[in-house]
Amino acid sequence: MSTATFERGYAAFKEQIDSPIAAFFNSCVHCGMCAEACLFYTETGDPKYTPIHKLEPLRKVWYQEYTLLGRLTSLLGLTERLTDADLAEWKHLIYDSCTLCGRCSVVCPVGNDLVYMIRKAREGMVAAGHSPEGQIGAAKRAVIIGSPMGVQFVTLQAQIKHAEKTTGLTIPIDQTGVEFLVVLSSMEIINYPEYLEAIAKIMHQADKTWTLCSSAFEATNTGIQIGSSDIARQLVNRIVEAAENLRVKTVISPECGHAYTVLRWEGPNLIGRPYRFKVRHIIEVLDEFRAGGKLKTEGFEEARLTFHDPCQLVRRGGVIEQPRKLLGMVARNFVEMEDAGKMNWCCGGGGGVSAIDEAEELRTKVFNRKKIQLEKLKVDTLVTACANCRIILEEGLEAYEMDLPVVGLTEMIAEHLVEDK
Amino acid sequence: MMSAVDFLAWVRGPMFNIALIIFIFGVIVRLLEMLLIGRKPDYSEARESAFAGGVRTIFRRFMPADTGTLQRSTTVIFAGYVFHIGFFIVLLLFVPHILLIKDTLGIQWAGLPTPIIDAATVMTLLALLVLLINRLVNPILRFLSTFQDYLIWLLVFLPVLTGYMAFHHFIQPYQLVLALHILSVELLMIVFPFTKLMHTFTLFFARWYNGAIAGRKGVKA
Amino acid sequence: MHINQILNHSNAPIAPLLNEICHALEKLLLYHENTLIDLHSLPFSPHDITQLVEFLGKGEVEAYLYALGKSIFWETNFAGVWWIEHYNSEESLINRTIEIAYCPSILQAQTEDIQLGKQQLQQLIKSFQ
Amino acid sequence: MSDKTIGDSLREQGISRRGFLKFCATTASLLALPPAMIPQIAYALENTPRQSVIWLSFQECTGCTESLTRSHAPTIEGLIFDHISLDYHHTLQAAAGSAAERAREEAMKKNHGKYLLIVDGSIPTGNPGYSTIAGISNLDMLKEVAAGAAAIVAIGTCAAFGGLPKAAPNPTGAMSVSDLITDKPIINVPGCPPIPIVMTAVIAHFITFGKLPQLDNLNRPMAFYGQNIHDRCYRRPFYEKGLFANTFDDEGAKKGWCLYKLGCKGPTTYNACATTKWNDGVSFPIESGHGCLGCSEPQFWDGGSFYKPLSVPTIKVHDVMAYTAIAGAAVGLTVGGLNAMKKTNAVKQHETVTIDDLERK
């Protein structure tokens, strides 16, 4: 029976190292600027959270396996070998204290993409059996049941019925040849069913054909979060097969940051070929509708509101302007948060951290950054475009006893749609 | 005992040869061993040009990412700038250095008057001292720093210091201090390929990779 | 030529030299102490020397000494500042100094020479007595 | 040794006390002694008997002697030579053959322990037959004469550091005086040739103070070799301003700019040329438009091209760089290839991770 071993982990590190990783390790001058960009350092003051330090296991393997001097010195037994104890120790740093938010990758003066490295380091950690329990459970549920939260299609069907009733619109399932395949995150199915209603209303108004798919409704990908390409491939394949079978033109990623990253950027590389369809984030689609005059809204939000940029959308996805243009249609009192856009601070729960029970205390502590930002702004409503951010924001606000409603951008747009004539 | 003149002849001759061989050989090997590992192709649909992103980031990272970063890492950024700019002014615009480059590479350019070089040297030395103190005092840097970080600091500090001392005749005879200066540069050349000094070359690749990855996604990294 | 023009166009340490002369004049006035400045060891180009000579100018006194070749002395426009040039018997310049003194020390008759002269004169007187 | 003092002999020539003082002042200036020392110099020269000097010429070109005799006309330095007792100098003395050798032996006997030995030329240590005088090898003669000397003055770069004869590959096994004699005070007066008045000044100092002047680490008198040419050069300000002649006939050369780029060795050469100058103070090489060759330094011939700047390596690096780059590329491709193979193998040996593998069992 196969099992995770240190050797498998070491082999996985070796497999993951490529030219960019080598260039990054060669270039680090230990300037410490990545620490100042990291929520986990700035809010705790503990230097062990310095991003480049989190990559020590990967660096050791690179040095010993892929550098001339490292090979020679390790032949002579002069280098410190990577040990299983190292990995056990680094588990906290590689998983609990990194949300893959990518702020460090943007500030590094020599240009190191630290998130790229963390993502690869997790491959080794998974293979060595040092991934967090919470994420292992989620991955198992995703593969076996179909969703990390254990949501089955029957659950979604119940929500569909409810949405059809509320909106008076039909929600198409498994339709072929339509323009859009809409996939959801289980958080949206369980916590925010308004999202599905919003999609139905918007598609109806824009006069677009779309469908859900009974075999591929779940977009969150625990494989990426835990750091296993093999599991991620298995999960993303469901959507690829569905999209290609249904012959849709575009797959719409839900309001979920990492789901977008997997579908849009990693998916083709996981399956080893380009897609035969496009992938767009719902915010991108809405903005296209807006630009094409297909999105008609009426009335404005009077509340003072701000927007929390999901990291995977801005720093790892290039979606910065679109949500602002959409907000412009429905909000009068929109204010920008400090460092908004490319440099926005993470909510603290991305990259799978929200699934790790042991990380909850730390996650709540680093939410302090968001708390300070929001207190400065004195807003009445917080808008975001990621279901995971939304949950973390709500939890964080509750922990710090702040009374501030958090709304999804898609729903907010849907609420202002011009009703049928 | 070797006289100052013999010492100078040795550092200008055989020792320079040794240092040059190790430097060139090491840098080429290190770059090739890095570049030949290879990487997987990216099949995702690009939003923008990865190439343009790579080029942009190579230049973009000469500046701090944003004002917040500048505020949080003021010392490192400011002293880092002064050190790097000062070091390159002294290295590339002092006439005797240009003549060395002309002799070895066959290219040359105009130099700066020595009082400017002198001022740049002092600024560089001060910036290096600030960087060292910062490394010893700042909790992140103290935590991150290894023996190599301090060794490289010293090996970078020495050529600047001995160059300054040579120019001002702090040690007599002049041949001795000139030889010490050249030797310190040779030590720097010898350790260069095997330490973080390689960032001089590899940072362009690192920025390129980072910028290309981000550029593909439409992110201006 | 105006001093500023000289200072602007010359690389030689003219300003420090003028300062030193000034201090030497003070010393002369206070303690009656002579100062000899050896121009030989200062990095002056021939052009610098010409300019310096021009700037200091020639005063009221000029003297010649004929011993082991010619020597020329002249007081500059600044009283007490003497320009001195020693030549050898082949008329090559061998030393150039500035002396700050009431009178250049070498111009004064030397005690030994005076004694010798007195003896010779005494003998001469004896011989026709 | 004659018992006449320098003062006596000056007076005999009808030179006045003023003339003597002029001589002393010039000597003080040469020795870079403060003017306050002039009376002490005058007193010593007035009262010291004539110094016996033995001059030995070995592997040399007679350039040093030429240099000294060129200024032997009745100049200040000439005066000193008039008033020492040059008991042996095989080029200048009238006596020849065994008479000359006898003169040397007599002087050595009479002034044992007191005479000054002046040496020009290097000493061959390979085959003794390379250079002999009266059938005596240079090495033997040096050792014999040095034994009774009060001090030795090594005149010229050959005697001081080995000079041209010692230049690679040094076929005669040439050595300097200080390589061979270690038990006597030695003063080096290097230069190719050395400045004549340096000689005079050293002898004047020896007579005045009864000892050698202050010396640097290469045993050169500090008064003359204490500063390098560069620091005393009237063209130094151009160096500071970054104004250089790039060829011997460009605008910069015509304007008298710094000759560093044309290989001037001023910065590493300790000598007094820039201040004492040559040909009775007329000029010196840099003033005449040519960079300093560094002739008063050891390794003068083997220290790299006269026309290459000091900051460049003394060796030709182009071939080295090319071969190193080729070797680096070869090894780099090999190591890089091994890396690529290692990576490919790791990818090939990849064991697919399934949800059953996530924990240790």
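Per-chain residue numbering starts at 1, and chain names A, B, C and D are given in the order in which the chains are listed.
Note that in this section a residue touches a chain if its C-beta (ideal position, glycine included) is under 8 Å from a C-beta of that chain, and two chains touch if they have at least 3 such contacts.
These numbers were taken from a predicted model, which means no experiment stands behind them.
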Legend entry - Comparison of C-D and A-B (more C-beta pairs in contact): A-B
Inset, instruction - Give, as an integer number of Å, the spacing between the C-alpha centres of chain B and chain A. - result: 38
Inset, instruction - Report the inter-chain centroid distance for chain A and chain C in whole angstrom, where each centroid is the mean of the CA atoms. - result: 91
Legend entry - Between chain C and chain D, centroid-to-centroid distance (C-alpha), Å: 34
Inset, instruction - For chain B and chain D, let me know how many angstrom lie between their CA-based centres, rounded off. - result: 39
Legend entry - Per-residue overlap in chain B, given as positions that touch at least 2 other chains: 29-30, 33-38
Legend entry - Contacts with two or more other chains, residues of chain D listed in rising order: 335, 339, 343
Inset, instruction - Give me the residues of chain C that touch two or more other chains. - result: none
Inset, instruction - Could you draw the chains as nodes, link the ones that touch, and say if you get a line, ring, star, complete or other? - result: other
Legend entry - Pairwise chain contacts, counting only pairs that touch as defined: A-B, A-D, B-D, C-D
Inset, instruction - Spell out the part of chain A that touches chain D in their complex, as residue ranges. - result: 1-5, 8, 11-12, 14-15, 17-18, 65-66, 68, 126-127, 129, 131, 136, 139-140, 143-144, 226, 228, 230-231
Inset, instruction - Using the touch rule from the top, collect the residues of chain B that touch chain D in their complex. - result: 3-6, 8-9, 12-14, 16-17, 20-21, 24-38, 95-97, 99-100, 102-104, 110-115, 169, 172-175, 178
Legend entry - chain B to chain A touching residues, read off their complex: 29-30, 33-45, 47-48, 57-58, 61, 64-66, 68-69, 72-73, 76-77, 80, 138-146, 149, 194, 196, 198-199, 202-203, 205-211, 213-214, 216-221
Legend entry - Footprint of chain A on chain D - complex, ascending: 335, 339, 342-343, 346-347, 349-361
Legend entry - Interface residues, chain A side, partner chain B - complex: 17-24, 26-33, 35-37, 41-42, 45, 47-48, 50, 52-53, 66-69, 105-113, 116, 264-269, 272-275, 278-279, 314-319, 338-339, 342-343
